[in-house]
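Two complexes follow with chain A in common, the first pairing it with chain B and the second with chain C.
After this line comes the complex of A and B, so read on.
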């Protein structure tokens, strides 16, 4: 059963109060540097929690413990990577996104190929 | 299980209305007939009058949690904390496992589903982009559950789906659970986030039941000859319900005692209301309260501003209160719009201060009273002062033929 007729319905600007779902797909023109990948991750986390404190963040310690992120927040990061860079990260690879540095290590080759 | 028939009273009120974020401000604006209905622009649908709440959303919960949850949850968390603060109640005085959270909803999940379908429309309807938040946001217990998460309450929580009778239904559920001894204290109320759904507006429009006016503050006009439909509002209202003896023991302010209630079904039509059953519902509530119609000082009507709905309720009120010369009648939706699942509780809350000041807030936007709605003692456009207000009867009715009546009595030490 179709909820909407995809062919005849053209998306229009979102209504007021709908801010959770805005996603901009960026096609990479050049490979991202490790600093850019760090910024990307922090930008995504800031979208999840704009009060997140990055000042004392240890890049080798788990993000979840330091930034009070739960499993749903973590899935937000996975979803944003999918939306922004069309990355499909399999569940078995999730542990590789545990720390900021492990994110860079895991994502660098993937974003080079994007 | 035991049956506890102790008396149950309202000791705290927390609310988010389209014109106020606490009871005092709300009451002042109701007495002045001050509507703050505005115009919103909905995706696909376009412009419509609506009631939008502007309460401090991060007073009790971080923005991050508000983003994770729903608008209904955000409203609910605010109202629940405000109710406890108003009751001057530290919940550690209760066993958290014996506190119940009962939230009335007209609908839930519509807003979140519409938003998500729109979201995946940006990705060629690829469901890989459908959010993992969808299920926890749309489960029907969501707003009640978000309240327990915020307050660390481990007793039962759930929602009561009862269309626009849901606010009253939540009070009734809480009273029943307290009388069964299932819980020692309850947070009961109703919430609406319906202004976020284009589909709800479009459906009322398709029914020719969506209110409109050049001036949005005049769009909701129950009983007026030119009324043309419902003004949809978001909002919430939650009460702290306690046993009378516990409330007295801790010296709590007592807003009123729940002395009677009833619910029934029209068993007749999907959307058209039925005055005969509404009258039966009011009579049953009176009978359970051990009261006569003449004992009621104020009837807060459900009337939503639709042609037939208002007339049916007026027929029912005339039938039950035929010889009640001192019973006033008013309507709150004219000022705040129709807050759907929150309507019953928000409307009752706005009238509870009448026990203190004997003032009756008006039904506004009545330029020409429809003769079929010309009830005796209908308070129109200006507040009036009654000799005394000791018993309020609150009606809330909903689609698919659901009726509810709650009767609240002023608490007086005997």
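After this line comes the complex of A and C, so read on.
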């Protein structure tokens, strides 16, 4: 299962714990990158359905069809985003969360202030 | 005291609704008037033995990987892993219309189809057509009542087969006399014939514990012995409840699972009594020593029977209608460990009014219960063989018993004949779930709780 892209999985050089720590804390203040948003969504979906298969996921195709999710599962994504990032997503915006890429597009500006 | 959401009623729909809410909202409060949870599906002790009430079998069995199946959707929504439960499937069940025909079915749909092919060859094409219609039919689309009986009658040649197919679906979930809504038929057909029966390992008490522990772990609170006397509201907005003890609990949302009429009563709106009868049931338990296991069927889990071709599903004129009923043999689920005892249960339609009249005289009522139980025993022995002489404990729940312990009006386990499918009873923050919302059975009632929470409370919280 490829949840993270290969670059992020490269081992960190040794002996740079402090620098890493600073980098991490700095990272927290930075807005989420699109890859981080993707990971967040996939992590939420994996939490809903531990059998979800992301291997052949097309980021431009609806998540629901590809992962066999129903509207009830979909609500879980919205509710988890609210729980984890205090995002209030109005019902009329739900269609904008249809694909992985549309999620990124919709959530990127919202998670800037998070 | 203040809560975010109050769920009234600690039956399975209330428990499921509260779990769903507590996953995302803090301070969820579940109120149950009795000292035990479970509503219709609960338990009691006699002679140091636990006896279950209500539960015969859970419908909607599904294998693990089937994501769309109601059972798996429910478990995902509640975040309960399948491995939490040890599901035991039925061995097989049977519909018997005495001296006329018998059809076996199991969790493998092919068995029913092959039985129909053997017994009703002229109706097989019609049955297959019905199945392909149901494959594309969406029973959740709101619409007016459509008679399942006439729909089937137009497609299936043998009227006997129509009645035999309807019999289990009616007994396991119809609040309407002699017919059912086509949507309800489609849901029940799927639940019983396509998916089938199972039960959780252990007892209903263990099952209820798993749910209540899960709710508590998510931060929800359960209060038992807390009966709501009044829902506090101004116009179409509710602001809390007053318990019969006088205690007031404020809240932002209320979900009531106690029935539509029963909810109106505590709002202080007295709706005129609905048209049509509420259907009452009577159930008897016969406990037997394990030594007589060989005398009873070992491969039938539930038997639905009718004494004649003319199967009536309606409120009887007499105390009990013995001409049809259900025999449940809970020891015949797979991998059930049988201890020193096992039991056989019988269910028939019963008249709440008749039992209420008899109840005026307690000794007559007890006498009537004994007589009815003996009669029921004689009836079911025709289907499973005689075992009466070995019975070590027996008990009977009349519609009055059911009404007393579950607060289901008239002891009608499937509630009002009129259902409110969207749970909307005209308030901005009070909704209805459970029996009178229209999903029936354990999986159905739990999904009812979940779906009303999803539809009305979570998006607006």
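Heads up, the rule we're going with is that the second predicted complex is superposed on the first by the 86 of 114 C-alpha atoms of A that agree within 3 Å, B and C clash if a C-alpha of one lies under 4 Å from a C-alpha of the other, contacts with A are read in each partner's own complex, and residues count from 1 in each chain.
Going forward, contacts are C-beta pairs under 8 Å (C-beta built on N, C-alpha and C of every residue); 3 or more make two chains touch, one makes a residue touch a chain.
Everything numeric here is computed off the predicted structure, so don't read it as measured data.
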(Q) With both complexes superposed on chain A, which partner does A:48 reach: first (chain B), second (chain C), both or neither? (A) both
Q. Just chain B (first), just chain C (second), both, or neither: which does A:91 touch?
A. second
Q. So, does A:72 touch the first partner chain B, the second partner chain C, both, or neither?
A. both
Q) Which touches a greater number of chain A residues, chain B or chain C? A) B
Q. Which chain A residues lie in the overlap of the chain B contact set and the chain C contact set?
A. 48-49, 51, 72-73, 75-76, 79, 82-83
Q | List of chain A residues in touch with chain B within their complex | A | 3-4, 6, 9, 11-21, 23, 48-51, 72-73, 75-76, 79, 82-83, 88
**Q.** Of all residues in chain A, those that touch chain C in their complex
**A.** 48-49, 51, 68, 70, 72-73, 75-76, 78-79, 82-83, 91
Q. So in the complex, which bits of chain B are touching chain A?
A. 40-44, 62-64, 67-68, 71, 115-119, 121-125, 128-129, 131-133, 136, 196, 198
Q.
With touch defined as at the start, can you tell me which chain C residues reach chain A in the complex?
A. 23-24, 65, 67-68, 73, 76-77, 450-451, 454, 458-459
